[in-house]
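Paired with chain B in one complex and with chain C in the other, chain A is shared by the two complexes that follow.
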Partner chain A sequence: MTTQATEVRRRTDLFHTLCPSVVSGIVLGAAAAVVFGFIAHLLAGEDNPDAPVAAAYTAWVIFFFIGIGAFNGIFKWGFGRREPTHEEEMALAGKDQGLWRYFRFTTDHKVVGMQYLATVLVMFFIGSMGAFMIRLEQSRPGAIFFNPQTYNTIVGMHGIIMIVTTIVMVSGPFGNFILPIMIGARDMAFPRLNALSYWLLFTVIPMFISTLLFAGFPTGWTGYAPLSVQELTPGMDAYCFTIIVFGLSVTVAAINIVTTVITMRTKGMTWGRLPVMVWGVLLSVILGLTAFPSFIIAQTLVLMDRIFQTSFFIAAYGGNNWLYEHLFWFMGHPEVYVIAIPALAVAAEVATVFTRKPVYGYKLLIGGLIGIAVLSVLVWGHHLYLSGSENALDGPFMLDTELISIPTGVFFLALIGTLWRGRIWVTVPMLFVCAVLVNFVIGGVTGIYLADLPTDELLHGGMFVTAHFHFTLVGAGVFAFFSGFYYWFPKMVGKRLNTGLGQLHFWLFEIGFVGTFLSLFYAGLQGEPRWSANIAPPFATANLIASLFAILIAASVFVAVYNVIITLARGEKAETNEWGARTLEWTIPTPVPLENFGEELPVVTSLPYNYEPEPVAAAESPSAPASGSAGTPLQPQSGD
Partner chain B sequence: MSEPNIEGSAGSAAPARQEPNHIRRAVILWVVLSIIGIIVVILITPFVLPPASSASDLSNADNLTMVALTILSVPVGMFVFVFLGYSLYAFKVKERPTEAGIPLQPSPTLQISWLGITSLLCLFLLIWGLFAFYQQTAAASTNTLVVRVTAQQWLWTFDYPQYGLSVQGQEIDLPVNRPVQFVVTSEDVLHGFSIHALAVRVDANPGEITTTSVITPVQTGNFTVNCVELCGLYHSYMWEAVNVVSESTFESWITSQGGHL
Partner chain C sequence: MSTSVSEHIYELEPHVKVARARAGVLLFIFSDALSVLAILAAGGYLSALNTEGAFMGKGDHPPAFLPTLGVAILLVLSGICYYLWERRERQSADSAPRVVYILAWALMLVTLAGQLWISITTKFATIDAYASVIIMLNWYSVFHYALAAIIGLLLLGRVLQGRRAGHDYVVEAIGYWWYYTVIASLLMWIFGMLL
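Let's look at the complex of A and B:
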């Protein structure tokens, strides 16, 4: 081969590498956004700044997917009327494409899981920096760093980034990477939908950040109408489109996960043998499927009010803001359980490994999680106790909200029972589980104050609410995510995170977190309103203390980032079964091969929580098939 | 606690070590710490709740609920803290464990009693909450002072229709020991009308009129009305002073502002 020929081949290779990939997607999407935005500008005229922005966002999403090659399959196989061959499927799954497969429309569930994980970590970083800016502004009375417009945008962006990230933090990375292996599947049920769900999330990020080009948005993460309709700058449209496209992403992912768990379980993986984590993710995405449509609808109506001058929410023309509030909270309250349920399930999953004990009351715990999912659909009205709209329903909503404490209590019973008389191996993931218990009980009991009408009258709309939901979403949710992160990182990445840095991350985070938000509980009791750029002098001390503790959280973020970076650069190689766990993902090699299992899929005979036989001995036992059912030998299941 | 399903090595190891009665120790610790916790709660309540928070009959009732809920949540929180802390103290291993923990499972009795106790707590919360709330919906008497509150971006307008007085963007007075009812609405977007010290809080909806419960300020003092729903740019600047004053001071304030008695 001559050098010239090599040159030519390299050039074509470069073209085929970049196209289709995220690069061609971004180029085509951005170009289309400019073109269609300009056309809409010509059509709609000067006085409708929202139309070009809306056209640009729509074009960006559609043409990004054309550019990344999401539609290629339709033309190749759909119109060609034949099924793709196994080789073609494997090429789509990123076979022999090296690291570049992470930047393409790759269908392998492990690639999608890693894409989600990287995105979640980056978004957590950005969101936590937003949080730190809020604490900076609130460290002293008066507007000191940001003007009110910037401050409101920071608060709203922090809120949306964190909500979006926490919704996907378990179901995205672990639900895609770990879940199919846990149930003994080779991939998700709909691999291409899987890639679609991730890349939809990806298109959301530049769209949302572009709000900064249009002066931001003033409504906070709740986006209450009619303020969102009144707002003149198109920054609000970025919010609406973010929610709509993110809602699509969640819906696609949810359909995929539900189908996968129902249809792709391996032989013997009955519903009564599913790992708790699988139950948690399944319930979470079912709940998301129920809740998210109303959020998409709410933002579509806001966009119509903004662009086409309809009046769903404008009182002067017969609209009503309560419509928005109901649509929003019909999503908004189930959504916190979309976040909490899989996080709690991860905590239970991790606890059983590091106590070397089965989950205490498996069926009771699953029943509890189902109970939370069912009850949470009908609690949204407690956000409207003081809206003046539906007093007759206050009692029922209060009842249902307080009923949730019963299945939540079951979770505590299960976790405490799992710890009790275990061999508690206090690793970094286990530390995070312990913190989940501490934080979630504080978050839980403070929720009672807000569920109870007389006390809500003192606390609604105040800092107490902020502190409460941070204790549940961060204290339980994010801490449980990090327990899963430290627990599954050796399997997903194949390297071992530094334990000392992990412990430092944990202690800085937990001490900083508890200090910050206990101070804000105090400020809330004193009557400090939420969303304040300009805090009043009586609340100054509590806010200053909160801001000082927030420095510890910020430090913990950088410790975690440093830990990930040095581990990726020169971390030790992790063992196949790093922690001695018994679920299926630890029975297969690291890095996990394409299609996960060898020739034979594993056969499951019990719950994966029997730690009695030695893991090593079991793996070498000649009776266990090499395909990896080794971790779960036949044992009578204890309990019931 | 049920008889655990002990198998193999775990069963033979347990009696040899002369294990202390962990459950009894933890329960005693839990009871003691809960009692201490409740005493601490009662002692620090006056400092944590704002000093003027019993400024009205309503806020008295709400504060009572607050204290009751806190006393109730102390044993709940302590249960988790004590059993978690005790487990970490007593069952921690230094190295990667080579043997399994005792595979305990809850007995049906334990499961049912756990669900029963949490249900009872829940029922108590519901009854207390509803009772305390509906107690507040007292009817307005003839003596009741009516204040119409209109929110707009980013200031408050207060109308005293009984006195033909309207003030905008400035502090207002309320008479002590006289029932007052607020009639709240908004000109533009959603606002939240709140006087924290008097336990008054309701949304100000555009195009809708919302009436608060009748409250009686029982203590003079200077309080604040805040907006508690994010209403745009200057949301956090949307607050005004509210002075609860004697009847005579109130009347002279009315006349000085141009109202009639």
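Let's look at the complex of A and C:
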């Protein structure tokens, strides 16, 4: 009898553990996708293969959220029946659920931040391997490993995975984990929306991978119509759904982050005292909130053309491909700054800590970021220079685009001013900041040639463009992310990443990256087009060199993965204030308590960059950090 | 992965709750307004381009005026009812007549039903670009009414159970969406008529 009771209790516990969780979400979502896909197939018939796919994806998302328990709150507390109890709030925040809380609809912003971080790292790994496959294929002329169809799908998937990842790489992990603490808040403004934004992103991943089951999407990451409409593979539907659901995730996250910064700042945290990173994330998500609706609408129109045979992009019935290009690039160009702005802000945040100096020209720097954000929504037309559309606006678009160099230059002036005469502590995060300076200048300067119509006519559609945007997005965005990653990892995880492996990761990555894409700049100047699976013999040498350098990038990825794994397994415990920084997140214990601060919230009286003239770091010879650590830990200092 | 959990849930200050609700809804409206703008811009752009002279086929016609006007009137009435109820509610919580809110919500439901009927029954000989834009406008209006009706249903629970004390900001924030739905849908209707 006792054994039976124990067995029943064990089964009940297992059931309560799995339901609701990501497991029940996946099971219910997948089952619903099959059922609804089948029903739609019966209703739509053989002539409309897109309808079942659309029904399946819609059902997958809705029923995944039912399965993971996202609607439980509405059923329990909706309709004004009662407010959630203390115990229910604690359960939602992940109390007593151990590591399993990372696999549930948990509202604690730190859990959501860690979920984003893990997802970003996994997606980076997958995207990097896609890049390596591209370089393998292009290492010498002729089809080596893939046929053109497979190659196109790999390029498209690499593009989308990396774009999606880089859009959330700062505002996801750091914007959720670090930002609320930085402004002195106990949580995000809308904890449930916070969990919703992450799990929406999660539902996108299987949806996107499923494109492989449906013959891929040969349009590449831009998904240009009318090819996307004419392209009969249902993989294109998967692409559209991926973008729509990802856009919803970004929108929900943006609303939450903006509301948090507006309404949840602690006493004294005025707009003029916000840490630079907070400004960066705030501007990025406002930009995302502005840009993404047109992208969502663009994909909705493509789906309507595919499923309901409307004619938004079919010229014979009055549709037009330029409509797609406008809607797409109204998101597509600001998206570069959705990625770059928070990344640059992270670089500035890290630079001030490791120079032990206040940010040079704080207001100037913030003004520069705001200027970039405002101008970036006015420049999309330069992507249509060669589309054949009306060119009356080419001049204004050219001018707008070049104007962006001014606020960008102001930002870089402020960043260099921060480093100037600082006592620079050469840590792994600081190495990545230095790389951002080098890479983004190359990316920015080469962008001028693409902003100018005469030179763009020569370079458009070539490898020069590929190299340019990689220097911008990877050279600035990804390098700055890794700067923040090495900087905040001790606070987020409570362990210290290995410095030696971090340095190895950095040098392999930077040398490999610069070598690869400088070679592709050369290939582009020689006239090599993009979107070609087989390279022509005149470009063989440049591509071979690029592919050899890409091996270093691939090696750097494995070093980073190894570093994370061994740190999680047996890394040293991190100090509360690992770097002697002055922002609020370093004033609270590690691991961070559920609601971040004790009884009283901190009161801020000044900017968090008031370092002493002779910092402790200098006295402890920070340029030679202890072996096996990410730097010599400093004595904790109280925040403002 | 070691974020610890301790035994506290701190209540937000009332003014933060109010500001949070206002900001959240206004940002949502901002995002949605941009998507409405994108659709209107798409329609205007295709109309101006008139690619191959095929934007509007010979058999094409604007949506039937009277039924769509009826839906627009119902929508405006719903907005007025909500406004009247919200004003009384702000003056004295829990004393505003429930029936006015129920009427606002019921009118929104009827508007939704009417718009659904229009969207389903509007037929075109050829689904050219003009027809595509009208179909999109019709169904996007359905989406807005449905969302307002669902949000209204959640509020209805509080109204019927008399649990609005301390939640005035919920009424205000939902009001923002309600009025926005009215304005955005009217704009889409007028645009569809003039296209």
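In this section, the second predicted complex is superposed on the first by the 604 of 640 C-alpha atoms of A that agree within 3 Å, B and C clash if a C-alpha of one lies under 4 Å from a C-alpha of the other, contacts with A are read in each partner's own complex, and residues count from 1 in each chain.
In the analysis below, contacts are C-beta pairs under 8 Å (C-beta built on N, C-alpha and C of every residue); 3 or more make two chains touch, one makes a residue touch a chain.
Note that the structure is a prediction, hence the values are computed from the model and not measured.
In the model built by aligning both structures on chain A, chain B fits alongside chain C without clashing. Touch criterion met: A:Asp394 reaches chain B, while chain C stays clear of it. Number of chain A residues touched is higher for B, counting chain B against chain C.
When the shared chain is aligned, no partner comes close enough to touch A:Ser376: not chain B, not chain C. In the superposition on chain A, contact of A:Ser210 is made with neither chain B nor chain C.
Touch criterion met: A:Thr251 reaches chain C, while chain B stays clear of it. Of the two partner chains, chain B and chain C are each touched by A:Ala316.
When the two structures are aligned on the shared chain, A:Pro529 is found in touch with chain B, with no touch to chain C. Once you line the two complexes up on chain A, you'll see the smallest CA to CA distance from chain B to chain C is 7 Å. Overlap of the chain B and chain C interfaces on chain A: residues 315-316, 320, 322. Note for the complex: chain A touches chain C at residues 74, 78-81, 86, 89-90, 93-96, 99, 102, 108, 110-111, 114, 186, 189-190, 193, 251, 254-256, 258-259, 262-264, 289-290, 292-294, 296-298, 301, 304-305, 308-312, 314-320, 322-323, 326-327, 330, 492-494, 568, 591-595.
Taken in their complex, chain A has these residues touching chain B: 148-149, 152, 218-220, 222, 224, 226-227, 230-231, 315-316, 320-322, 355-358, 360-361, 364, 386-389, 394-395, 398-399, 402-403, 405-406, 409-410, 412-413, 416-417, 419-426, 434, 437-438, 441-442, 445, 448-449, 451-455, 457-458, 460-462, 522, 525-527, 529-536, 580, 610-612, 614, 638-640. On chain C, the positions that touch chain A within their shared complex are 1-10, 16, 19-20, 23-24, 27-28, 30-32, 34-35, 37-39, 42, 45-46, 49-57, 126-133, 135-136, 153-161, 163-164. On the side of chain B, the complex with chain A involves touching residues 4-5, 7-10, 22, 48-50, 53, 58-59, 61-63, 65-66, 69, 73, 76-77, 79-81, 83-84, 87-88, 91-93, 95-106, 111, 114-115, 118-119, 121-122, 125-126, 128-130, 132-133, 136, 184, 188-190, 192, 194, 196-197, 199-203, 205-208, 210, 224, 226-237, 239.
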